[in-house]
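Two complexes, one shared chain (chain A), two partners (chain B, chain C).
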Partner chain A sequence: QKVSVEVLDHLEHLALVDFRDLEGVERLQKAIQFADQLLEVNTDGVEPMDSVLEDRCLYLREDDVTEGNCTKDLLENAREKVEEYFLAPPGNIPLPKLEE
Partner chain B sequence: AVLKDGLRSQVSAALKEGQVTPTELCQRCLALIKSTKFLNAYITVAEETALKQAEESEERYKKGQPLGILDGIPIAVKDNFNTAGIETTCASNMLKGYISPYNATVVQKLLDQGAVLLGKTNLDEFAMGSGSTDGVFGPVRNPWSYSKQYKEKSVPKSHSEDEESSWVITGGSSGGSAAAVSSFTCFAALGSDTGGSTRNPAAHCGVVGLKPTYGLISRHGLIPLVNSMDVPGILTRCVDDAAILLGSLAGHDPKDSTTIQDDFKPFELPNLTDISKFSIGIPKEYHAPGLSSEILALWSKAADLFKNAGAKVVEVSLPHTRYSIVCYHVLCTAEVASNMARFDGLEYGHRSDKKDSTESMYAATRREGFNDVVRGRILSGNYFLLKQNYEKYFVKAQKVRRLIANDFMKVFKSGVDILLAPTTLTDAALYTEFIQEDNRTRSAQDDILTQAANMAGLPAISVPTALSERGLPVGLQFIGRSFQEKQLLTVAKWFEKQVQFPVIELEEVKRHDNGVFQHQKSSFS
Partner chain C sequence: LAPWIPVVGLEIHAQISSKSKLFSGSQVQFAAPPNSLVSFFDASLPGTLPVLNRRCVEAAVMTGLALNCSINKKSLFDRKHYFYADLPAGYQITQQRVPIAVNGSLSYSLCIDNKMSQMVTKTVRIKQIQLEQDSGKSLHDDTRSQTLVDLNRAGVGLMEVVMEPDMCCGEEAAAAVRELQLILQTLGSSQAVMAEGQLRVDANVSVHHPGEPYGVRTEVKNINSIRFLAKAIDYEIQRQIEELESGGTILNETRAFDSKLGCTVPMRDKEGKQDYRFMPEPNLPPLILYDAKSLPANMNHQQVINIDWIRERLPDLPSVKREKLVEQYGILPEHSFTLLNEDGLAEFFESVVKQTQMNPKKVMGWILNDFLSYLKQHSLTVKESPVSSFVLADLLNLLEKKEISSTAAKQVLAELWKGEGKTPLEIVKEQKLELLQDQKELEQICQAVIDGQENE
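What follows is the complex of A and B.
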């Protein structure tokens, strides 16, 4: 059961990572095949587990400002910036569709 | 020789008494790092800052006010932990040149106690792999490849080209950290463990590798792979040292809401002589396909060791073991797909020159920055998270995860205190053989004995047990109950004492540091 070109295309758009070549696509096929083994397991009545710490209350701290004012440090690592903005190319331009 | 001191309590005593100074210790470690450069264990050596930290430590010792047992002790940190002012690359093009603006909590804790940060160690790219062979800075070489023990057994006494191709891998993904500790360049190193990444290289490099309970040590600043399974790992040369490191790192961190809020009390390990009160479980499913007969025999011998010492040794069953690797595969790739989304080139890291649109810039940045392994996992993860697949794969895997965790709970409820199992299927492979198979296949094979503990969040420790027929280390692992590290380490320490694992005889090192070691020998005999 092969993955359709539509789905491959959709994945590339979601992941913003390309399959690059046939090898990449085959790798995905193998990964899916591998994962299909899970379907054998009987999980009737079993709740999904999000976290091993599910029986505990998550720590919530007080809504107080305890740190910040580090704009300069954070901008250090950005390659393109203008004043205190991270600079991005124009948005809302979709990627071209995947060829067969 | 000071550098060979596994017991940091000995080194600490030496520092306190002025037998050796922090700067001397630091300089020796730095020199050793230089002379063992061929191991490729370090990505970045922070020479200047390390010496400065050592000098500050020396001042404190002079005043008689050391910060604690870790003051002046050289340590190394895996390159997926943020270290302020020091490049953090995750062995990926995506973060080459990235200088962290902050310290990971565990790094900060070590520095606050006066530890000397020597540098950042090599790993598989973004900690994905089981060989430490897939990073952009090249593979890490197992120091045991250059040991007398290995050479006598495995290297034909001929040309250097044979020597070149006879080196073995460290295992991964914390291979650099394991190699650094194993070759005496530091006294302890931080690794990370998501599917066995600390225990696997620990076993292959003959060092102790501790995976703490999920929620015990802060992940703040550890570049995440799988948020629900990642933990910082501890690599040391003996179990006592692991306990010391654990004591300085564990505890609630307000910056990591997944750390538990219970008070953590650092402990000293008792010198247990009577093991008879313990019940050791031998999980039969860990006799997995591919387990070498050698390791099977060692595992059996270890079980007998406990039995003969009066402990209760029982065979137990963890029935869902054979599905754990598949379950891990789905959950891991799904969480990876989510975690890797942050790398878009805008705020930090590599940025492509493509300017047409945001999306094309992101896509190009990620194509240029990530290797095949990372990209493959992102794509697989996104597939399993698609609306049409979500229930079928992701939720299903979460259910299987519960079954796996329950398997452990049942066994511990039945009275078993500690599980004993192999850490790896074989001893370290030749690099030339290891790279014949792709990363995903290798990871699936090698993680089989280690990753169930990550799924259940349990603490586990790999202890060097014996040398294989090829002269390479083999480790066995102990898995304990959640947050029962004291019990786990107590048993591990007892075992360590029984097996008396040999010290590595590194000939290359001896050649370069003859003078240094001789000098030490005379001061400490």
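What follows is the complex of A and C.
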């Protein structure tokens, strides 16, 4: 089963990933086929598990200020900054549509 | 033309009043140097993990209980994915599948026909309350085609309160939000100051004809005050009706309210339907809450949240406070609303009543007609008042003892408002406002006036 142009376009838009070349599209299809093997398992009557942590205790932290005040360290990683702000392009730039 | 039924639902985000953030230990504070209240986790640096703040959970439980919700003893965290510069992780941690509280209600009151004397009580159903992270702030610089990002707000705890679409106009929505604001402030779970972004309201609006299915709804954002909330909703209802009546259609879109123009406009960045690709948050186990019955014996107290313990310690909610004021002092219900609507006014009123022999209903008259109007004229809060409850009580006592007339009392109050530190009695003496009680003296004055008339 092939992945349609619409689905590819939608995925690229959501994940900001470029599947542009044929190799990328083929790799995606192979990955889907590999994952589809999960559908062969009979899960009738089995409660879905969404985390291996489901039996663990969720640790609750006391409401104290223990972090922050490291503006310089954080901004060191930024490629572009203005005074003490991170700099980003204006809004979300939509990707051009995938041509057939 | 067939009548239109407007349908209004609200999504309210209330910033939790806590010292540190929902999943990290950086400080929560309005107006600080950019990116100074940001931890490595808030900036989404690799290798960091969320750690849940106990105080935030308690705030959500308190709020759920105050809104008559069922508290879910097991709730889950999820990731909601979307790309935006002020969301460094590319997802927000929220509670989409099983939130902390569900199925509550909020009662609020409205005046019919703008007459305070006719109040009607309405109820709006609360669908759910969920814990989630706030995003950072984007400052758009259109001239230089760039966005400045400040992550101080990123990761602050929010309670999202989702209301069912049980309202039909701006006035109802405004009244419901006002009551929610008072409840949150009373609980202390959120300071709920809209001007500081601690309470944000998005409205979902649609219209339809009776008997027909609900119309397409639009989402209205960027509403900065309760007054604008009513305006924005009423504008949008009108806009939709006009659009439909002239043969147009309503797009399922997000619109922003422009307070200067008083209208709603489509929002540029929210075009098209969003696919948030919700998934369970893999780094957080389920949140388990306990009550008196299910309390585990051997657990560390600090790790246990007991719903019953929190319920027992809930303060009197605004509706209860109002009832008590009416019962205790015999004031009118609509006056109890006024007392609670103004921060500190109810306490001020009770303080004056304690210090004077004047009937509380009469005191209420002075509070409403004179004290409150002075405050409004000078844009002051009760806390900033130059006239203290002690001083006002002192003045009202002079009136009660018939040492001055009501007119004179108003004059003295005007003088007291200058805040020069004089006592009411001093002002009365200065301006010679004492009431004459002596029969003989009064007769002499009257006689002199009559004599004076005869001479003309």
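What we mean here is this: the second predicted complex is superposed on the first by the 98 of 100 C-alpha atoms of A that agree within 3 Å, B and C clash if a C-alpha of one lies under 4 Å from a C-alpha of the other, contacts with A are read in each partner's own complex, and residues count from 1 in each chain.
Here is the rule we go by: a contact is a pair of C-beta atoms (placed from the backbone, for glycine too) under 8 Å apart; a residue touches a chain by one contact, two chains touch by 3 or more.
Treat the numbers as computed from the prediction; the structure is a model and nothing was measured.
Q: Looking at A:V82, would you say it contacts chain B, chain C, both, or neither? Reply first, second, both or neither.
A: A:V82 contacts chain C only, not chain B.
Q: Does the superposition put A:P90 against chain B (first), chain C (second), both, or neither?
A: both
Q: Quick check for you: in the superposed arrangement, does A:L28 touch first (chain B), second (chain C), both or neither?
A: It touches chain B, and chain C stays clear.
Q: Once the shared chain is lined up, is A:Q37 touching chain B (first), chain C (second), both, or neither of them?
A: The answer is first: A:Q37 touches chain B but not chain C.
Q: Identify which of chain B and chain C touches the larger number of residues of chain A.
A: More residues of chain A are touched by B.
Q: Quick check for you: in the superposed arrangement, does A:E47 touch first (chain B), second (chain C), both or neither?
A: Touch status of A:E47: first partner only.
Q: Classify the contacts of A:V65 with the two partner chains as first (chain B alone), second (chain C alone), both, or neither.
A: second
Q: Which partner chains sit in contact with A:L14 here, chain B, chain C, both or neither? Use first/second/both/neither.
A: both
Q: On chain A, which stretch or stretches are contacted by chain B in one complex as well as by chain C in the other?
A: 10, 14, 16, 50-51, 53, 56, 58-61, 70, 74, 77, 86, 88-92
Q: Mind pulling up the chain A residues that touch chain C in the complex?
A: Contacts found on chain A: 10, 14, 16, 50-51, 53-71, 74-75, 77, 82-92.
Q: Mind pulling up the chain B residues that touch chain A in the complex?
A: 98-99, 101, 214-215, 228, 252, 254, 257-261, 320, 323, 326-327, 329-330, 333, 337, 344-349, 351, 354-363, 366-367, 370, 372, 375-376, 378-380, 382-384, 386, 392-393, 395-403, 405, 438, 440, 444, 456-457, 482
Q: Please output the residues of chain A touching chain B within their complex, sorted ascending.
A: Counting only chain A, the residues touching chain B are 3, 7, 10-20, 24, 27-28, 30-32, 34-35, 37-41, 43, 46-53, 56, 58-61, 70, 73-74, 76-80, 86, 88-95.
Q: Mind listing the chain C positions that touch chain A in their complex?
A: 18-20, 24-27, 33-41, 43, 45, 51-57, 76, 81, 83-85, 138-142, 145-151, 268-269, 275, 277, 280, 282-288, 302-303, 305
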